[in-house]
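What follows is a set of notes on a single structure, which appears directly below.
Labels for the chains are A, B, C and D, by order of writing; each one numbers its residues from 1.
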């Protein structure tokens, strides 16, 4: 069996973003090739043409496919012969550019993997969803935590009824790196994330609370009804929120909370989730992703481990590369998203049907969901926590 | 030096509640004598006179001081000679009786240690505060988590400025034991806690969220301004909340959250708190009380351990009985509250001044604080999370 | 039911040792009264008569029963009327005095709880075992870790076959407090423990490795066959070992290791044990005593928690005082040893039969076992790890 | 800067082993390309020619470079033009073939990364060391745990004197997967590892204890003097050890223990190490590789985290790809070994000097060290734990 049967070749990946000082661009590049199912062959690595060219050798991208803009790349790649041109593009740029780039490539018929949050605002997200539908391209969004084998396990446990009816979700994403005003020092990662013209309406809630929210949605499948949110900007002079907490009512009566921080000293990347059902509860922490707690009253607590045994679902087991106990981590989860997207890209390339709307990987509908969450969080906070609708017709249900 | 210098004798303890099937009565009895500073000599152990008598041998209380009611006890103890009568009474009964019992003993001049929440409703709490003030008795409330050596350490670190300005508090108390409708089986602990006529206006929020709230107040000293709360009763047919979450605005601009559950499968007694300051952050979990995390960006995380060394405050060190590494736990923390109350009882008994309003142990003002928190939580929840005032003139500030 | 039915009164406890600067004397006093089944009424608290008297008020021991020597105490207490005199004595003195004190009280008919290691050398231990047998007194040894509810659970799981045949035991006791030469500063705890004339033939291996060894024996019931040991004294000028490791062959073919250290920086009191059977494995850590791991290949790891549910044995459940999640710790485990000894003391006092040789609490046979372990460890180490017999006819089998 | 400046191209990797059912072959392939510094272009993936061919598409290796034997591969690759032929070969086959394959490629001038243990027996290892020296090829051995950023940090802390003089090392590798006789079911991984004709003289001690031993050597640099070892085969009918423990005397007087198991139920891949120095101690666990404990008496314990801040050494920081809190794991550590080897391969390819004998990656000397450890462990065990020399002139000192 080939790496991409029946296509029988590696996929060709293009990268937008990822120039010097970038964090997430390198992550996409690494995740994309981790399983040797793709190779990185082209890129527009920076909005600065000089830097775009200069960064190419870092990725071993040949000079003739190191483009000075995404527009150039879309145009020139489209003209390459079918056995040369990229199969998909990964968009790893600041938020405000996601829409135009994704739109450009999707309309040119290229598959897209876009970083989160999907766009600058909800309207763009809705428009992008329509474009994806119309063009029929494969479209993934890198809510990477859903790629962890035990997160996928959690989702299936909920679906199998092992938790019973879900009553409560507590989702968190606690960081500390923006405790000081790094943006004042032109630290690249901090600068755009705290700039409303680049990040969008939210800071902390756009960058990380969306992950926590998405995680709860992915695992439980509960449908959100209303949200009440309180955002704060604790670092003086910061334009966007760096802390916040939201309460969510789900349509089945469950209560959810999403809490996120960028100002908690020494907290590195503590995304975690706790889910309470009538039959059992789950707890999973991103910083120790190879285990998950499943608890039932009166019984020993159970630690599920990645690849731990036949008690795991087929999907969860297949999302692992190593025997249990050899830890897997962030890149592998990210690569699992890529791998699932690749499955659909191969289907599309070989003329087979695929249902992007029901994908295991986060798709454009989840991207819209995230943008709706951001939009309503900010609006509720501006109204001192007023309950606002969190329903959106384009999201999964 | 004697156990209670300069009084030079053990204190004499009376117990209200604690009859068969009781949980917290036994805890008070154990904590009260743990350091050999007191002996249990009298009790009215049940509201059922027969059971009250029958339970006395379990505590080695002599028959002639095993009273059939608290009223009888207060009356007869008051008539005993000074070198016989109890020094204080511990009130370990369901909430709706706290007020009348505490009032009765305080007005008879006895010192009181009352379980939490202080009373059935806020009005009673306010009245009790006035009585305590008028009578001058020593009055403690068993918010026992404040007795942990590392919680006291946390408080002093905040006061010393080691955390800087406090921006955020996240306090939790997650349990699972009321996941099923135990009250339908007449389980004693469940029955009164879920009965509005005995527990008061709140279930979960009265029983455990108050502890979490109190912990945040104790450690940070922040003054609450407003609260928005959402309570749920997930177990069908339950009259009181078994889940809830509240957002609190403090007067300094900090944001707090208090989340409590009694319906989270397999979660035993997970009270924990996370505190974010401009200079550092803290994290402490009641189930592993002998360690606390202190984090500062860019530095190794620090694990403070109970009795771990000279880096701890004098009070924290003095609140330990064992060298570090030999774990101390729930009883010892409870006993620390008792011990601090004893210090004031000895002062009062030997005619020395004491400032009950500034005590390290939770006092009647903290009891009022807790009742105000419960009252406003329930009211806010009934108004769909409306912001209500959380200021109260009788609380510490 | 009384605290000590059918005796129907508290037991009267005497204490040898525990004067100022003592650690373990206070622990015995606290554990002895924790459940209100006994009261401390007499003591010979120091070998220094002045200090012995001066320390009495710390324990609220009346002056007339604060003796200046254990001999005086044994003699005078024996002459007190039966309803006054102590029921038992706790021996909490340096090792070299255990034998003479225990012998004195046992021969006077008093029950004894002696600290570990049992005696100064093996010969004394053997002699003491004979005295206990002859006199018929109740005799406990404070290998306190066996009192933890989950350690008792472990023992019963092995006996029930839940682990299958035991193949391997790894027992550890890692501390750091003797990293520097504290004895040079006359630190009381360090001084006698590192003095061969007081501690006996071993330092670290006598003080703590014995606990680790005992824990393995208690849980598994395996019979030791041979030992090979290597002891080191890393702190310059120290007369006794402060580090060591031993390999033990058990008669069933299992392999055990015991490793102990007093020179591991910052390690507080890390006693832990790992046990491998053909059907399952166990892991328990003294610093987090309220949980234990039970693992079986291919299944989720199981966390057993103290008082966690009906899956626990009756003995384990009965060894708890609090609901699960409210942590219990060192004192409670110690008190469980006391409580089990009390059961036998009550039996003896009321003329009922008891089988001290089969007790759940560590008895004089376990004390001999420990002394034999120390003796052979030191001898093997002196012969560069030669295999020596670890069988002893007076130990449990 | 290119991925491999000044070579300015990806390295070309060949793989021996890795056919269907393989574990470690896929790991080498993944680690080799993780940083996009190399591409996998050729392979002899199985000793079965049919399987070797059939496995090639899984790695996207073109048919013309999917060889049916390593001999064919060495011969044909050597004849390819310099800009086509592989730069190095990774040897991921059972132990008994390591020598002949490595020898073949080294003598043909190819650089080699060989899995551990280096060879079938010590004699082969010594011979291979001579060949490497003579040919001047770059030669790495995949003791992959030394690639973890915090393990590298530990090594540098020892070298910087932050731990003082090292007194004790406790190294462990505990697994459970061979608890049952998997080899009887022809499970591929189990079959060769338990077959003396393929695995060599040791089972468990060759497969995993070598890692634990190597970890201690890598971090501390201590020179071993003597070893006493006890090996067991607990699974009936198994030809090689599946459990064992060794005591090691180092030349500076330090005492080490190495304990390894393949029969501990549910233990997945628990390699960990504890190191005691006169100034501080370290503890690191492979299953949670992103943190390490550094402890000093009387101070808060410190948790070092991967990429946690400027307190880490330059090498440790450079060995990370992600910000702290985004976990890295097994593949990344493996890739760090690759990356360090690549640095030397690039140097050799561009005519620059490199000192393979002083490499940060495990080299052929470390491979000899491991084989010597295995040889002397087995010999000592066969002599009931006799002390044997563990010095070897070809190892690092």
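The definition used in the following text is that contacts are C-beta pairs under 8 Å (C-beta built on N, C-alpha and C of every residue); 3 or more make two chains touch, one makes a residue touch a chain.
Note that the structure is predicted; figures quoted are calculated from it, not measured.
S.K.: What chains, if any, are shared contacts of subunit A and subunit B?
M.R.: Touching subunit A and subunit B alike, sorted by label: C, D.
S.K.: Counting hops between chains that touch, how far apart are subunit B and subunit D?
M.R.: 1
S.K.: Between B-C and A-C, which chain pair is linked by the larger number of C-beta contacts?
M.R.: B-C
S.K.: With chain centres taken as the means of their Cα atoms, state the distance from subunit C to subunit D in Å.
M.R.: Averaging C-alpha atoms per chain gives centres 44 Å apart.
S.K.: I'd like the Å distance between the centres of subunit B and subunit C, where a centre is the mean of that chain's Cα atoms.
M.R.: So the centre of subunit B lies 34 Å away from the centre of subunit C.
S.K.: Rounded to a whole Å, what is the gap between the Cα centroids of subunit A and subunit C?
M.R.: The separation of the two C-alpha centroids amounts to 55 Å.
S.K.: On subunit D, where are the residues touching two or more other chains?
M.R.: 177, 267, 297, 299, 301, 305, 308
S.K.: Could you pull out which subunit A residues touch subunit C in their complex?
M.R.: 294, 297-305, 308-311
S.K.: Tell me, which parts of subunit B touch subunit A in their complex?
M.R.: Subunit B residues touching subunit A: 167-168, 170, 174, 176-177, 179-180, 228, 230, 232, 234, 243, 245, 247, 253, 255, 257, 259, 261, 263-267, 274, 276-281, 293, 295-297, 299, 301, 384-385, 387.
S.K.: List the residues on subunit A that touch subunit D in their complex, please.
M.R.: Those in contact with subunit D are residues 1-3, 5, 8-10, 23, 26-27, 29-30, 33-37, 39-40, 57-60, 175, 177, 267-270, 286-290, 305, 308, 321-332.
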